[in-house]
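Per-chain residue numbering starts at 1, and chain names A, B, C and D are given in the order in which the chains are listed.
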Amino acid sequence: MTTFVHTLRPRYAEVDAQGVVFNAHWLTYFDEACTRFFESLGFPPATAFFEDFDFMVVKAVLEWRGPAGFDDQVDIAVEPVRFGTSSFDLRFTAGVGQRGVCVGVITYVSVQPGTHESTPIPDNVRAKLEASSA
Amino acid sequence: MTTFVHTLRPRYAEVDAQGVVFNAHWLTYFDEACTRFFESLGFPPATAFFEDFDFMVVKAVLEWRGPAGFDDQVDIAVEPVRFGTSSFDLRFTAGVGQRGVCVGVITYVSVQPGTHESTPIPDNVRAKLEASSA
Amino acid sequence: MTTFVHTLRPRYAEVDAQGVVFNAHWLTYFDEACTRFFESLGFPPATAFFEDFDFMVVKAVLEWRGPAGFDDQVDIAVEPVRFGTSSFDLRFTAGVGQRGVCVGVITYVSVQPGTHESTPIPDNVRAKLEASSA
Amino acid sequence: MTTFVHTLRPRYAEVDAQGVVFNAHWLTYFDEACTRFFESLGFPPATAFFEDFDFMVVKAVLEWRGPAGFDDQVDIAVEPVRFGTSSFDLRFTAGVGQRGVCVGVITYVSVQPGTHESTPIPDNVRAKLEASSA
């Protein structure tokens, strides 16, 4: 199984006065990587999300190993690393070339679309996530 | 009539590698000033907006005269400067101390809440806006 | 001369409670399109900018024609439309499919890298910009 | 010792299509709260930071307990909870009224201003932080 990798380039607006990507943007980058990861599993983001299923982030653990700057090529690997009944964890590993930059483990809870009520992860979503972590 | 002034301090995250507030944030600052301006007219933002009335931005003209930096005290004066049947313009004049920083004129169209359909500006909103521009 | 077009997809974080891209993000999108446009002219953003030349935005005129939503394919055409000695205008025309969404004309002033002092547009930059507007 | 509390109101731009503050903004809110916390200790943000001392975020653990919406009054308590030689942790506890919303524990490393080199926490900063956690 090949690990899914999403690539992006930090915008000028996202780099702070220290010349590095401001920390909050990593959660946004990982959300973008999550969107593309689900697309790679066959769930078109703008239609599958919010209609067939939806998730809310309940926990995030982020660790930074080094900086990323304006227009660096940032590669973000996405891997499912834990499954519960109604929640799961994705691990995001971001680097610039061979250099590690930021690792995040984010916990998502499956909710009924349009609500904040937790619900079991839909079977077809679970099957795809499990296959991608094999 | 005293001009309404909203004061804010740029966040570290909003200052770019040139050490100044990135240009896009001025639209966000003016939106925040607009929220507080309507509140000052007696419309609590989280309840009046989207229920009693709603607006969409259709045009913005922004001119920068100088930079604002991290944690500067930015004062933003808000003044209605044009009224149509279903649209109006607000002028936002931002400065740091006596120094001008950014002026924006933003055109809002009144829409039926929950839609993108234009509708006449509600009478009570128009009356308050006109009084504040006297 | 083929017009340069940059394509992006609005992030979930950039869509507001009305379900459309919040207005301020268009300045960020146009900045990203500007970065890629200069790259297409042969100026690698992270090295050419700030070293060989630099620009500050002094004016922006934005008009919205319709909404863009989460993960829409947004195409942004970039065209130089005015040249002065030390400033120039780029026009950004954003659409989703055949539908117009936002047009921006942004005025940039050439500054000495690391300063806010205006300086004539470097000859090699001007030549490339003029060629791309032919 | 009274716990320092910073209050803010989510901007419309920060609320997503689910009607709640998008997760990444909590890191920005906590950064703003950190700025005001250091100011309350006697360190003016725009001058003390980057000149007398500087910090980089190396780890963040965030847990969400419920949503915050547009213009809610969000109170963020800030408390130092760990001290090392060159790093320390701040805990941010955010709520709306009596309802918990988000708790973050963020690890900062003291760096020599203008560099990414770690350095012991300056004595005057340590003394103030320790006093505020008593």
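Everything below uses one rule, namely that a contact is a pair of C-beta atoms (placed from the backbone, for glycine too) under 8 Å apart; a residue touches a chain by one contact, two chains touch by 3 or more.
Computed from a predicted structure; not experimentally measured.
Farthest from chain D in terms of Cα centroid separation is C. A comparison of the A-D and A-B interfaces places the larger number of contacting C-beta pairs at A-D.
A separation of 24 Å divides the Cα centre of chain A from that of chain D.
Inter-chain spacing, taken between the CA centroids of chain A and chain C, is 28 Å. Rounded to a whole number, the gap between the C-alpha centres of chain A and chain B is 34 angstrom.
Chain C has residues 12-13, 17, 22, 24, 28, 31, 70 in contact with two or more other chains.
Interface residues of chain C facing chain D in the complex, by the touch rule stated above, are 12-13, 15-17, 19, 22, 24, 70.
Across the complex, chain C meets chain A through its residues 11-13, 28, 31-32, 35, 44-46, 69-72.
Across the complex, chain D is touched by residues 17-18, 22-28, 31, 50, 54, 56-64, 67, 116 of chain A.
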